[in-house]
């Protein structure tokens, strides 16, 4: 006999852009929103009873409806507004999960001056939030950045590791260190200034990455996490996933040329993956 | 003060292809392998001490070394061989996680006859396994299929759902039902015939999808899971994630044309997401 | 002073799916349509005069309108119907270019029997057409296949090539030959049986690829083209682009293992690219 | 009888990164290089005679060899060095085509100060060059930018277009104008300052896009091209391809809300495509 265990459903990839019209300039945001619901939905699976099912199409409409009425200035605030709307209006929902990703539209700078109404897409990173609320409980907010693509051309080494019969890697005292970092942080208290914390965490991560005398990806990852905790007292812990996007030194010996860390072969795969959570 | 909490590292996207030479034909497999380790690695993060660190480059070499010596006939067997090699040879590893994805290379059929040594890439789905083992414990094996892209042109309805002021969806008694399913199953006992179970589960999923008089994605998903449990006694539970890849009826009324379920607009986003675990 | 030279505009990526209801089964097609127009449009660029501009949104509507009324049984016929509708209804158009790509939805086979109304997405290849017509002239039709992903595990060699001081490649008498071929063919006469020619060309390409004792990608490409010309008298020429998707023999010598063409490392980049047109 | 018509071959997606060590900082470039050759290669297709075939693997080696010895400060100079090396060393080559794409690694700015050795990946656009040379002839250089993703929130209208029975688009006097532009320009004389021209062209394009009172994509495209020609006398013509990446006004009327250009639905497909060449 089969029974239904964990189940949830929702609408994914609801895209939305928003113009905020200030007196002297426009703000522009582009978000992708994901809604997931848990609750009294088992009968839709087991008995084809849709009477409690909020159509995912309606969730999409709800995203736009809430966005129009919202004054949210960041993705965290919008996620909570959207989730609370759903919880308030549909008693059969026991838990909402809202995720939002924001693209890096940057104000265009021309001749040193910011343009009031023109934007350029910046780096591949996305600003992210995952916001979950069980009915009657507090919001659980996890903010983050996905795909932060950064690279340093020096101050990176990797030596002293395990050597066995399958080792072919040569120790490196000066190598390229490139990564496409995904970072998520949780908060110590319910209502932080999300934008300020995001700015503090991001600055701490980038500064540490740049300045660090890295002896391994692990070493730098931990110190980046530590720096973020130091910079933003509002965060309780931070999780970093940092693939090692290798740039291999091109082997030019067969052609009679040296290669003193000059020409490299970047590869996407395979790549190292280093992950850890750093907390207080 | 910052402390290191959860941490792991490994090598991702190690690609490998293999020819198996039978007397009358070749077998061909293309796998992507991911290795993740947990264990006595904290000092690499906190003290830049790499003395316990097995380089991810060596993990890559290990994949090829084990593959050459292996007689594994499926990804589950290979994942376990690889993980056991790592556990046996490196005492500092407390837990290995191996994931493998296999592409759908299909033997080419020409004039009705199978080609001995020629293959064609089939559907986008990947055969998958996630295999985890803590030192001294049994293997935890989760087999699956990712991206199984299937569609039916009838026997799909969606009616009787919640209607509120944000509802614009019209009830449908005959609609297209398309999905790109990701499925994972766990086993009841340690050494099943992985290939046979995979074949049984896949057949049960496809048959149920085709035959079902679907009253919602939830309804079909549950019955697909139930059918898989019925077909393969070796599995304990099965998790299905089935996005609803919408084909919207093209609105031709403004042009004076009817559209009796003839012409549709397929969209990738937004999409419904329906997920559940079905177990005995 | 600046002048407007070549210009064209249109609508790209108009997606459409279609159910054709036969007495005993459904047919299902999913197409992506692209429309490009040339004609009396210069004033829209140079004088902001839109009076001749057919909005690209209307082109999208036209795709659905024509599809609903169409009985086209293949993408070539539909492309011509769509283009002729545009030429007939808008005198300012001097030339239409229609491109259509069709996905490989395959009828599902269960227990050896074809399902009447259920489909599974097959290989990554797309069936393609580019159809161009200048007003008052005949249609120029180029049919094709994009992304045909095939591989053979033997009967492929590469020796006897130029060797110079930058050569590190070793001659191979038995290697994997994988490609993701893109092929296009033109016709000798205006109204061939497009579906039959497509089937003949495809069969000839696949058979030759499988059977060929390849001495280079160039060698096989040419003989594939020749076979297609032999198989389908209706085609005048055929162009093939065949990347060499390398599977490199894994180097296991450092670990004391041989590797008699058993374990390989597939790579996506860099890749060889071999292109030629074969004609009568 | 089949004959070989046009043919060419080469190596695609050769990736390379380079550190240039200045006294006070590093420069970092990441390029993807493509090599295509035409010449005396017909026998490799028709007679399996590889004696003139330079392996594509050797082309890859050549890219790294030339890069190590090069002092090229831009992709145009490198493309010509690489092509000239191939022409000089292999008499059977009649024509080389080199293409290079450069990623937008930007120097990291921390607390307002540029980092000497740390970089962040910027926008999705690629700096490009296509450089072709027939033996004994001059280089033909086409520089460009691919994927320049920009958006303005006002000063964009579209009215006065053709209206017919398939028209549903409403005239817009204030809409979002987003594009992902691909631009290529040719030169009037053989040895321009490529970097300076690139900077001038890019600045002119962005300024015009931002300032323009757009009455259509065509209108803005033409004026962008005109501005580039005005800004850089060294260029002879410029080709722009500007998809119209639509942000549709969310329809909130069914929910009793207005939407004064506040909330939009961005879509990737379908999209308008507008292309033209502007020349002196």
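Just a few scattered comments:
Lettered A, B, C and D in written order, each chain numbered from 1.
Quick note on the criterion: a contact is a pair of C-beta atoms (placed from the backbone, for glycine too) under 8 Å apart; a residue touches a chain by one contact, two chains touch by 3 or more.
Just so we're clear, the structure is a prediction, and the values are computed from it rather than from any experiment.
Looking at subunit C and subunit D, the chains that touch each of them are A, B. When the interfaces A-C and A-D are ranked by how many C-beta pairs touch across them, A-D comes first. If each chain is reduced to the centroid of its CA atoms, subunit A and subunit C end up 37 Å from each other. Mean C-alpha positions place subunit A and subunit D at a centre distance of 29 Å.
Within subunit B, contacts with two or more other chains are made by residues 15, 61, 65, 166, 168, 255.
Listing the residues of subunit B that touch subunit C in their complex gives 15-19, 26, 28, 30, 61, 64-65, 67-69, 105, 108, 110-111, 115, 117-124, 148-155, 176, 203, 206-207, 209-210, 247, 250, 252, 255, 257, 259, 261-267. The part of subunit B that touches subunit D in the complex is made up of residues 165-166, 168, 254-256.
Only residues 1-15, 34, 36, 41, 44-46, 48-58, 60-62, 65, 89-90, 158-162, 164, 166-169, 215-219, 221-222, 225-226, 229-230, 237, 239, 243-244, 268-280 of subunit C touch subunit D when the two sit together in their complex.
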